[in-house]
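Each of the two complexes below includes subunit A, the first together with subunit B, the second together with subunit C.
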Partner chain A sequence: MKERLAIPNLGNYTVALAAMVNGMGAEPWWSTYTNDHAMALGIAAAPESVCLPFKAHLGHFIEADDAGVENALMVNSIGACRLNYYRGMLEETLKDMGRKIRIFGLGFDGFKPPVFRYFDPPLIPLLRAVYIGVEKIRAIDTIEMQTACTRAREINTGETSLLMERCLRELSEIHTKKEVRLFRKDLPRRFAAIGIDNKRDPLRIGLVGEVSLLRDRQLNQNLEQILGHRGVEIKNFFLLGGEIGNNFGITMGYKKNTAKQLAVVAKPYLGCEVGGHSRDSVAHTINCAHAGFDAMVHVCPAGCMPEVSIRPILRRVSEDMDIPVLHLSFDEHTCALGMATRVEAFLDILWSRRRRCLGRTKRQGRI
Partner chain B sequence: MRRGFLGIDVGSISTNVVFLDKDRNILFASYVRVSGNPIDSVKACMKELARLMQDKEMEIGALCTTGSGRELIGAMMGADVVKNEISAHARAAIELHPDVCTIIEIGGQDSKVTIVENGTVVDFAMNLVCAAGTGSFLDSQARRLDISIEELSRRSIRSTHPTAIAGRCTVFAESDMINKQQMGHTQEDILMGLCHALARNFIGSVARGKPLRAPVLLQGGVSANLGIVRAFENALGCEVIVPKHHMVMGAYGAALLAMEANVAKSRFRGAAIWTHHIHTRGVVCEDCPNNCEIIEIIDTDEVVGRTGGRCGKR
Partner chain C sequence: MKIGIPRAFYYHSYPRLWECFFQRLGHEPVVSLQSSQKTLEMACAQTETENCLPQKLFDGHLLSLIGSVDAIFVPRILSIVNGHNCCPRFGALPDATRAGIARGVPLISIEINETAAPLSKTLRNLARTLEADRRTANLAVQEAFAAMEEFHREEAHRQQEQCDNRRFLLLGHPYTLHDQFIADPIIQKMKKLEAPLERMTFADNNIKPGDILWCVFNKMYHKLQGLDPHAYAGVIQISTFNCGADSMMVERFQRVCRNKGVPYMLLTMDEHSGKTGVDTRLEVFVESLSWQRVRAAK
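The block that comes next holds the complex of A and B.
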């Protein structure tokens, strides 16, 4: 019997992470979104003022512990979330509750990360699993981009979302690199089979902000779908493939948008790192304004220091570059109706901007 | 049969209905308190409206619902347009005052500010979880003092030396008001102090640095409160206009939007709808992992609409 390892939710990308964990000789415990039950557990256990993603991760691990999962993997974020004590805080909270689940980080102490020392995976299968995982991440990047593009134009509402779910399920069930590659190559054909209305000219909106909120649909209350079904083509700026390229310099077919390049773009407005992905958010907003996006939506958990601190900066960017930015902040009390009202009113503004600018030449840049 | 256009605004505290003829004249306007059941309050309004429509030999050309209950009532009535209340209020304000720059709308649970430039909305903001400074707080204070909300309005403007009240949070505001009352301040001064606190809180936490330029319109249920109007004039340093139909602006805007939607044949389910027995039932949809809680609207054993789904399926 293999020991189990709970992995944090990273939206659809959890599928790829699960494949990697599998190759490490542990059985993954995962889900592509935090369910209601886990959310309730996390909210009850965490300090009230802590941010929503923290509560979600905590709830997820408590749920895993209840199910008898022995280990969990958690990474500290790249920026300075909770001053790099994100994992430590989770660990301490779980310990205080008397939970037995063991939390591993990816940090090195000595020669290799403790998680590798514990599971001690043989090298060749591990490398193979990582390779398949990376390949799957690329496939999921493709799924994400195809979904965003098709959903805004689909004739039968909901069809794209169903196909996306089906693709992810199939992807989680294939285990060789060759199959994954073939699967990825086949994706555009499958999405093209959905009936789309070519006459529609959807609004283009960039989604920036905190990672968990961008990726976990429970936390962002299905924001991507809500926008998509209202005829908005979104570009979610957290694509894990691109992210790995950013932080480890491993290019995965994305030449643009490395952390360094983004820092240069953001420089006139924000000269230093404030934590999380906030500097990237500023840079993406500037890039989107140049590329002629209709607007940006900035999501952040209530009380998230890095994301809240760039709000005034984004407001300045918005004024200077004439790109509207909608700030949405989420916590467990966020009412779905209030969010829908804000989003709808925002889209009304954008459509009326479109109508007014009809005479002007439209910029249609790609990012 | 002449065509008329119906706007229904189902808010947290009140349900407003406005019926327009094709020349944009208001033939019928009603403001009723919801008291917990939006379906019944809409039915009560429809009962009156049905009589009027019969007398004037008119039919519904298009219907638009707005407000927090827009999805539910939209599904129940067969709405042609379902619009958010920010756009509906702005539409009505621009109709009555085409030169408006700032719209302050304070309702039962929400307070919003909308910035307008050249007759189009360019920015808006809405209060977050905190309900300080909205109608329900004024309601609860009126109840505590055992006076009607109208009397609260009259008393507050009689004040000569308004006292300072902490307005950041309703709970603290209430303790502060009780404190001032025990210290011996007159009720008028305390109530006017409260109005100033609410206006200050609105400008600080909802408008948050947005440019509030004149002409400023104040609408929504709270605009009937003279103390609040005076407090806003004081805080903004300019005249605050309370438009003609300030209590039913949302419904008026909705009716205008219905008219502009150019609907050939309305999906409206008939003026006799107030006689139907309508109730709702909650079910969980298990077609996908979203597991949405769907509300089915049942009109005498027949499901006429569903709300609450996140995938867009009906």
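The block that comes next holds the complex of A and C.
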């Protein structure tokens, strides 16, 4: 029997990661969001003041260990953010708890990542799996964008979310590159079948901030859906395909917003990379202001080092460029209802702003 | 020109360096007063609520300087020791300061990145931009470094005096250990309890790079690794509320101390003024350890 490998949560993109792990000769153990049970486990075991994504990952891996999974994969980051130390700390915490699960990092210590050394996948199937994974990432990007666009205009509330779930489920069951490509080509047609109200002119809001919070719907209390169902067309700036394309120079159909371009945009306000996605947050906010977005929502876990330190900068951008920014920070005590109330109040202000023609509805630039 | 230097963060990381440097260049350095409850109260009205305590104190010091100086010195610190990095907060510090608290106030800023260029070179460049000639610049840099060395020597001498008896080690960042608001209650209390206390020093920059990239924490880690359980009665770690770096590292230090058999206590300081809690905990820590020794002697 193949050994199992638990992979960290990256929202819907976990589907694509799972496909890659499959090709590595391990059976993936994954979910697209951290469930309540895992959260509770993580919160109980983690040190009190670490940020929310750590608790989510820890809970996720404890759950995996309970299910008998032998290995887990954790991402590293390059930079000054706390994410650097996640893997080591997860390992130590789990060991203290007497758990047997092995945690692999993605870092290179020597010639190849330790996870490859352990599983030692043959090259050809691995490359094939990576190709399928990349193709799936592109498909998920398309699903995400279509969902955001359709959800704001749908006539029967909830229809788009159901379709999105169905699409993801189908995607996870496809195993060849050709089928994935056909699936992706077919997506616009499927989303077009949902009845939409064309007269509606939804608010356009950009979502920026920390990755896990942007992507895990358990952590962000289903923010995308809350906004979508209130008639907001959101633009989530963490699309994995775009991210990979921008950072590694692989063009995956995304030539805009490369890391270099964003650095130039953010330069007047932020002169260097702070860690995480903070520089991108600043740059996207500036871009969105120019493109006539109605507002931005900046999400981060409570006490996030890079994202909190750039808040004064975002506030300044907001004043200079006349774009409202809502700062939401999440910890384990954040409840969905309180968050929804804040978002509703924010949307009310935006709608009245638009009615008074203060919002820049005229400028309909694209990003 | 009057140059304001907030008595926070980099002031403590590079003790005496900045004052000496600006003075030699013919400017008038103005260092803000020791931090107190008032500094914090001033800051709390304007600063980001989720900031850590040292950042709030920094903002308070900035506010106390604004209006009385011509420019404020806020460097961007990316790395203090070669091959290491710093808290991400320091990277955004000048930008965040310019956008937030010190809006409209001229800032003097440099990028300190030891990994890319040594500090002396960065300082010489700064001196040149402040319109000093080459000779003055070189002299100023030399004397500034000498002043910092002097401070480190004095500090080492002070520690040396206590070396004979079993002592406690006070761990924390340079800017928490030397901050009056954060560390003073602890130091005073330990003095009152007549427990010898050694403050962690950061003078030695020759550290082996490990998996901890934050230089301050790597220094602390090495210090703990080489700790002699017979020379130290215990370790007192100062952590500040909402410090992201502490939240990751404190657990690990605790583990090191547990393996070594050195008692370890974590004191998390926040912005509340009541120091009774700190007093009680220190008393209990010191007393219980002294009992332990008495029992062992029997």
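The rule is simple: the second predicted complex is superposed on the first by the 360 of 367 C-alpha atoms of A that agree within 3 Å, B and C clash if a C-alpha of one lies under 4 Å from a C-alpha of the other, contacts with A are read in each partner's own complex, and residues count from 1 in each chain.
Everything below uses one rule, namely that a contact is a pair of C-beta atoms (placed from the backbone, for glycine too) under 8 Å apart; a residue touches a chain by one contact, two chains touch by 3 or more.
Note that this is a predicted model, so its numbers are computed, not measured.
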Per the contact definition in the header, classify A:P125: touching subunit B only (first), subunit C only (second), both, or neither. neither
Touch test for A:L337: subunit B only (first), subunit C only (second), both, or neither? first
With both complexes overlaid on chain A, does A:N222 touch subunit B (first), subunit C (second), both or neither? first
In the overlay, answer first, second, both or neither for which of subunit B and subunit C A:R356 touches. first
Between subunit B and subunit C, the one with more contact residues on subunit A is chain C
Go through the superposed model and pick first if A:C304 touches only subunit B, second if only subunit C, both, or neither. second
Give one of first, second, both or neither to describe whether A:T157 is in contact with subunit B, with subunit C, with both, or with none. first
Let me test your reading of the model: by the given contact rule, A:E165 touches which partner, first (subunit B), second (subunit C), both or neither? first
For A:A345, decide between first (touching subunit B), second (touching subunit C), both and neither. first
Shared subunit A footprint, subunit B vs subunit C, residue numbers 329
Of all residues in subunit B, which touch subunit A in the complex? 68, 83-87, 110, 120-124, 126, 128-129, 288-290, 310-313
Partner subunit C, residues of subunit A touching it in the complex: 47-51, 79-82, 84-85, 88-89, 92-93, 96, 269-276, 278, 302-306, 308-313, 315-317, 329
Given the complex with subunit A, which residues does subunit C contribute to the contact? 48, 50-52, 55, 76, 78, 85-89, 91-97, 99-101, 103, 111, 211-214, 242-252, 255
Please name which positions on subunit A make contact with subunit B in the complex. 33, 157-158, 161-162, 165, 222, 225-226, 229, 324, 329, 331, 333-335, 337-338, 340-342, 344-346, 348-349, 352-353, 356
